[in-house]
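As structure tokens, here come the structures.
There are two complexes below, and they share chain A, which is joined by chain B in the first and by chain C in the second.
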Partner chain A sequence: MKDIQVCIGSVCHLKNSYDIINRLNELVNSNGYNDKLKVKAAFCLGNCEGAVCVKFDDVIYTVLPETTDKFFDETIRSKVD
Partner chain B sequence: MGMYSKSKFESNVQYTKYLVNKELARRFIAGENVSEHLDDIEKTIIPGPKPITRCCIYKERHIIGERAKIVIEPLKDNNVIQILRTACDECPVDRFVVTEACRGCLAHKCQEVCPRGAISVVGQRAYINQEMCIECGKCHDACPFNAISDVQRPCLRSCNAKAIYIDDEKKAFIDYDKCVSCGSCVYQCPFGAIVDKSFILDILQLIKDSEGNTKYKVYAIVAPSISSQFTEAKIEQVITGIRKIGFAECLEVALGADIVSCHEAREFADTIEERKWMTTSCCPAFVKYIEKNYPELMSHVSGTVSPMIALARIIRQMDDNARIVFIGPCTAKKMEINEADLKGDVDYVMTFEELRSILDAMEIDLTKCEESVLDNASYFGRIFARSGGVSTAVMQANKDLGINANMKPIKCDGLSEVVKTMKVASFGRLTANMIEGMACKCGCIGGAASLSHGPKDVTEVDKYGKLSKEETSVQAVRVFDLESVNLERNYNINK
Partner chain C sequence: MYFIDAASKSINKAGEELCGDHVEYINLVDSKILVLSDGLGSGVKANILATLTSKIAATMLKEGATIEETVDTIVHTLPICRERHLAYSTFTIIRVFNDGRAYIAEFDSPSVFVVKNGERVELKKVKKTINNKQIYESSFTLDKDSLLVAVSDGVIHAGVGHSLALGWQWKNICKFLQEIDKNAESKQVVDAVLDKCREYYENEAGDDATAIAVKIRKQETINLFTGPPKDPDKDYEIIKKILQAEGKVVVCGGTSSSIVARTLGVEMEVDLSTMTVDIPPVGIIKGIELVTEGVITIGKALDIMKDFMSVSMHRKAEKNMQEKNAAAMLATLLIERCDNLNLWVGQAVNPVHQRGNYPMDFQFKMNQIKELASVVENMGKKVNIIYI
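== the complex of A and B ==
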């Protein structure tokens, strides 16, 4: 089981990190990754300039609601399949 | 002395507390062992040569030393509310006294209304036999010349828990079996003779030992009432200022309040049929009042943790090595964190007064701080800070969660109203089924350790509430894994 941590610190929250969490959860479900991935909220990942911060495999990425699907396909999928 | 003049404070009592805390913080940060420098500290704050309020500067300095010792030394008597015996000015004990204004009139209305026959007229002047007086105040109301003064000691008058007594030496003392640590006496004593233990040095040590938040992270969690404080700067600047003290992160307890309103709405729906009525549980002094005076009614007290604890537990779920400091207007929170079932959730509590002293000791000027954001909670979580806010939020969550339970709230604004409502409840005569209890008048914004207590504070809180991105509590909590966080109190283990 791997964690996808999505920052919900104030800056990321204002940039719609809640929507990213919801979309990632949808993607995890629809792809049947429930036993491989867990989407978690996290308080400030310390990189507010790169909001919204998403941490996966110890790397912090910048993700926006409109790039969430792309991020999932390009970064997450290859590491769980 | 310092960045803020006296005029920033409501009273000299608040100012003196601030000076002591600031001086201690300043020296601690400079690496001094403060307990070895009590003499210097006393002289810095009371330079002399003339005394300010007491008989001489030596007594004034001694009192400053006593204040400092309460901050430096570990907590005594297992209660954060402490009396400084030397500072207690032995105010008059007799409440109603006939003054010079008595004309020795023919009517003697005072004598007529006294239900105990305690008033006699001696030499054309009314006289109250204090042994017989029951302090009903009827003579005071009846006198056409306003000649009977009501000089009840401010500490006694402030204490609705009836926990303050006067000893043989006319000094005030606290019955800790009754005290709910609301801090009302701390705020009301005009001599500043009652204080709430400050943990600022422990907090500064905690931050220092984190080695720049590398060994562990120190989180500041701030009560929503912060919006009515430090109004010389924007709330966004205050948040930056708090971070500059050395906290890794600053989060709003209002998010914990959102969690609580959802949880409490469900609790209400699930249990109200059996319990008939329930109370809120966010105010620790209110809960303590019931625990100490109506232990048999504890089953009616909400079993939901307070917003402070809810947020702390959420943080610990994400960071199991977290250290957490609550910043708020409340003295009773300093007690809440030591409750047996809550111990370990929050490390320390710091009041707004104490926050001001640390900011100034570190020379952090809020008006010059850049702005950073504070946003997670909803409008409803934020208005927990004022009287009526909690029941409004729980009712809204009740609606938004689609529960639609029939909630009839009654709000108790201040401990005096709590006292009355709980009496009614104990007789089984409540018409409401939900009691919102807040020990401080106006709610947390009127907290004993607030820097300001003005009526404008309500507007400030509502204004701050409206800035929220999330509209409702239900929306604000939607991304949290609340199933795996324990949000229940266990009052039994505190017995």
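== the complex of A and C ==
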């Protein structure tokens, strides 16, 4: 089981981390990754510069609502399949 | 010194939009004054009479007027009802000091209830005639096991014409109060009384019904830590100091909570079920009363607290406080479970917040804390700001 941590600190919240959490949850469910991935929220990941911060496998990525699907396909999928 | 835990609630007569009972609260440094007034009739007219009476009484007593002067002013101010040729409104004045002393003045209202450890306490009342009106005064001392309740006659008569031929009646209400859990807060007592009223009235109240409950308890302190300290080298030292301070600890801020978790050597979990579109979810750190994001959550909590203090928005605030989100929890904690608030305000500046496109820069945060301090002070609580 791997965690996808989405920052919900002030800056990330204002950049719609709420939508990203919900979209990632949808993607995990629709791809049947429920036993492999867990979407979690995290308080400030320390890189407000790159909001919204998403941490996966100890790397912090910058994800926006419009790039969530692409991030999931390119970064997450290859590491769980 | 005690905290005076006072609560009140009303239900309106069926079909009426306005309540003919009114409760006025005044918070003073050494005491709280509550005035319950029941205006003649129902609807608009009763509402105006009750509001005027309780506001005049509360304001005059606050300014140090005697009970004689207060009653005299009320009698000469109330407008006269055209149908009944009367200007009339009952009242119960309760003043409780934070050392537990209580003063009560009653005019034509149902006698107050005092219950201690499940037993009824009888009050010695002194009759005073002011402007041909009989006022009953009593003085006694509340302790942490005592409960003081005042109701309007709509509670005494609950059920008349519905489930109970003679209504609920004073002695039965007293029994009901004697059986209430002695650890219940005032708000729970008031809710229990009015729920029972609704049940007896079968949700068709025949009269406005109001209950006030007052208890005293030991004062509670909250240490609210928000914003990382200016000097990161001192994080550990300062957090230790906050954690060792008397009272509960609340942390508001993403970085701030990470620092606390690190100092305690624990992992922080986030409770996603509390996440809403507007408000980031709460975090969970063992030993910390509440963990939230900073500036957005405090802003939303401030909105609730300001509504809570406003007459027209109070109900909306009460509803919002029931919700399961970080701002509602923070507001509820500060409103209901805080007498002394220590604000530990970090002075570190997040460079990303200072860019032009981010609306909540350092200055915004500092102003928000000042506003929080003043709102909490207006609720009659003590606030202490410590810049770190």
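In this section, the second predicted complex is superposed on the first by the 81 of 81 C-alpha atoms of A that agree within 3 Å, B and C clash if a C-alpha of one lies under 4 Å from a C-alpha of the other, contacts with A are read in each partner's own complex, and residues count from 1 in each chain.
One rule holds in what follows: a contact is a pair of C-beta atoms (placed from the backbone, for glycine too) under 8 Å apart; a residue touches a chain by one contact, two chains touch by 3 or more.
Just so it is clear, the structure is predicted and the values come from calculations on it, not from any experiment.
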First, second, both or neither for A:18, with chain B first and chain C second: both
Which of chain B and chain C A:49 touches, first, second, both or neither: second
First, second, both or neither for A:40, with chain B first and chain C second: both
Partner chain in contact with A:8 - chain B first, chain C second, else both or neither: both
Chain C-contacting residues of chain A that also contact chain B: 8-11, 13-14, 17-18, 21, 40-44
Of chain B, residues touching chain A in the complex: 219, 248-249, 251, 315, 318-319, 372-376, 469-470, 478-481
Residue ranges of chain A touching chain B (in the complex, touch as defined): 6, 8-11, 13-14, 17-18, 21-22, 40-44
Of all residues in chain C, those that touch chain A in their complex: 253-255, 257-258, 268, 270, 272, 275-277, 280-281, 283, 291, 293-296, 350, 352-353, 358-360
Chain A residues touching chain C - in the complex, by the definition given at the top: 7-11, 13-14, 17-18, 21, 40-44, 46, 48-49, 51
